[in-house]
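Have a look at this one before I ask anything.
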Amino acid sequence: MSSRLNEFRSYRTRMNDRIAQIDHLGIKRFFNLDGAAYKEGALDAKTKELLGLTASAVLRCNDCIDYHILQCVEAGWTDAEIYDALNVALVVGGSIVIPHLRHAVETIDLVRAEAAGDT
Amino acid sequence: MSSRLNEFRSYRTRMNDRIAQIDHLGIKRFFNLDGAAYKEGALDAKTKELLGLTASAVLRCNDCIDYHILQCVEAGWTDAEIYDALNVALVVGGSIVIPHLRHAVETIDLVRAEAAGDT
Amino acid sequence: MSSRLNEFRSYRTRMNDRIAQIDHLGIKRFFNLDGAAYKEGALDAKTKELLGLTASAVLRCNDCIDYHILQCVEAGWTDAEIYDALNVALVVGGSIVIPHLRHAVETIDLVRAEAAGDT
Amino acid sequence: MSSRLNEFRSYRTRMNDRIAQIDHLGIKRFFNLDGAAYKEGALDAKTKELLGLTASAVLRCNDCIDYHILQCVEAGWTDAEIYDALNVALVVGGSIVIPHLRHAVETIDLVRAEAAGDT
Amino acid sequence: MSSRLNEFRSYRTRMNDRIAQIDHLGIKRFFNLDGAAYKEGALDAKTKELLGLTASAVLRCNDCIDYHILQCVEAGWTDAEIYDALNVALVVGGSIVIPHLRHAVETIDLVRAEAAGDT
Amino acid sequence: MSSRLNEFRSYRTRMNDRIAQIDHLGIKRFFNLDGAAYKEGALDAKTKELLGLTASAVLRCNDCIDYHILQCVEAGWTDAEIYDALNVALVVGGSIVIPHLRHAVETIDLVRAEAAGDT
């Protein structure tokens, strides 16, 4: 049942590897900058992942939502805390966010089922 | 010099009061829901303001950015922490966010100058 | 052939039920507010569904488009009227809306085929 | 007090005239197509203006909102009906629409004051 | 392996044909205007396709990206040049564009494999 | 009459200088990356400025439009060529781009008047 998560992970890894082969310094630097944005700084890395999830939700990008949910769970955010962040995104972004809320809630359930060995 | 902040505050208050006079239950309930989204829940109110600021920045809304900066400062976030959140917004949202980063940084400076009595 | 519509309906119902189990007052209230926005008010419910469809089209959300087409057809809008609304969305939103126009026209055809028992 | 409306009208007219001088068939045709989208068709012109307003509000364009409010008032929509359309836009588009709701409500008031000779 | 391209092409053709059957002058004219925008003018057609690709990437529309990549390759742009345009889109639009960059790079690879008879 | 351009330039310079004082490596690196994206690469710098303008227009950012028009003029693009790029943006992005087209055309006129010493 978590095949959706695995498909996402393998496609993401495969294409990131493919992009890493491209000889373009700007693209490489952008990926580095993107990774660095979520490292501990004035804000801790855990908080930044929640910012990334909220930004992804209001911009309505399912792949970005999935990535940041995986990171948020790994960083130790509880489901209730993630739902609370998604509620901020819902109120800011409106009902057009609802299909992405459905996707996000399904992803959270898949991640938890996977962690419980219930895959 | 903080006349920009005062203009923002007075326009916002005046029009929110005007909207409150409108006899439309849906609009009233939306404003209540909006206010409630930033109250203490599974996440504390301080974290939620930072989520609101990041969402406002990637959606490129100066008025929303100004409102959430005022709230973030009141909630106790330092400049360095707010810059770190804005950096996440910049990386997620791209260079199209830069004009709003300029606005945000100016707003932070105005808020601090105001607090220092330097208005 | 209308399996796409049925998949959409069953996923939407399943995930809305799942979200309804989440203990978050803000999310529950948002869903109520969303439902209420399309009820008879100063504008009749039929007109509001067309507004919802047009908003969904310019914001380029296929799930939202499908939902509002189902509602528009149920409310009694003809295909010609729905196309005319989609044309407004196309002109306002530009050629980036075209993939969603394709999706919308396909959905209308699926809904009509379904109603004709031609599934 | 309606100087904001007059500024909008004169800038819009001046720049549309300037654009009309540009020797570019595509731009000319786009403006014609835009005008034609709001003419009586399967839907009446009045309904289409409300669609245009809702689309402008969720896409958060103040100039477009002002233009369509002027058209909606001329087409005979009441304030209560326009507020009801703006509520749909608010729920679909979220709190990020609120600054544009403030602007829209102010514009409606300016248009009504102007019509009442109270300028 | 290029079944994704073929599915895209056949769905696009099928639905464009279906839309062409709709008796709506505005929609027909919009499609004509869209086609005309990429013809030789003050700018040559090749440059315009690259503009179309960049616009599609920052607006995050995979179908539009696929269409313009097909056109860009046909117009003679090399992979390195297309990557350079996508880098502009990435910097302007931010990390939210990354899932679409993955899609775009995969599409370029599929188009090249197809041309090499390696399908 | 080109006071609008001068205001834009001085605000942009002042706030970029202010942002440069902020001790945040990520923000500094983003600005560098942004500058680098428009340098000669597989594509020449002139072409990239036109891509930047088109992206700015469909994303509806007046400050970004102004910046790229200044760069496009400096890079040697003629008015007719810039209009042709803006037409692509108009068709891709729809009538919601029109207020930004007005702004862009005014900016082009201001830049040309300035160059002619007619300020």
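So that you can tell them apart, the chains are marked A, B, C, D, E and F in the order they are listed, and the count of residues begins at 1 in each.
The criterion applied here is as follows: a contact is a pair of C-beta atoms (placed from the backbone, for glycine too) under 8 Å apart; a residue touches a chain by one contact, two chains touch by 3 or more.
Small disclaimer: the values here were computed from a predicted structure and weren't measured.
Steps from chain A to chain F, taking the shortest chain of touch contacts, total 1. Identification of common neighbours of chain C and chain F yields A, B, D, E.
If you match contact pairs by residue number, over half of those in D-F turn up again in just one of B-F, C-F or A-F, and that pair is B-F. Of the two chain pairs examined here, B-F and C-D, the one linked by more C-beta pairs in contact is C-D.
These two copies of the sequence, chain A and chain B, are related by a rotation of 180 degrees on CA atoms, to the nearest 5. Distance between chain centres (mean CA atoms), chain A to chain E: 27 Å.
With centres taken as mean Cα positions, chain D sits 37 Å from chain A. Taking the mean of the C-alpha atoms as each chain's centre, chain D and chain E sit 32 Å apart.
For chain F, the set of residues touching two or more other chains reads 24, 26, 30, 33-34, 37, 41, 55-56, 58-59, 64, 80, 83-84, 87, 90-93, 95-96. With chains as nodes and touching pairs as edges, the resulting graph is complete, every pair of chains being joined.
Against chain B, the residues of chain A that register as touching in their complex are 33-34, 37-38, 41-43, 47-48, 50-52, 54-56, 58-59, 64, 78, 80-81, 83-85, 87-89, 91-93. By the touch rule above, chain F contacts chain A in their complex via residues 24-26, 29-30, 33, 36-37, 41. The part of chain F that touches chain B in the complex is made up of residues 11-12, 15-16, 18-19, 22-24, 26-27, 30-31, 34, 37, 55-56, 59, 61, 63-64. Across the complex, chain B meets chain E through its residues 58, 90-97.
The touching residues of chain F, counted against chain D in their complex, run 60, 80, 83-84, 86-87, 90-91, 95-96, 98-99, 101-102, 105-106, 109.
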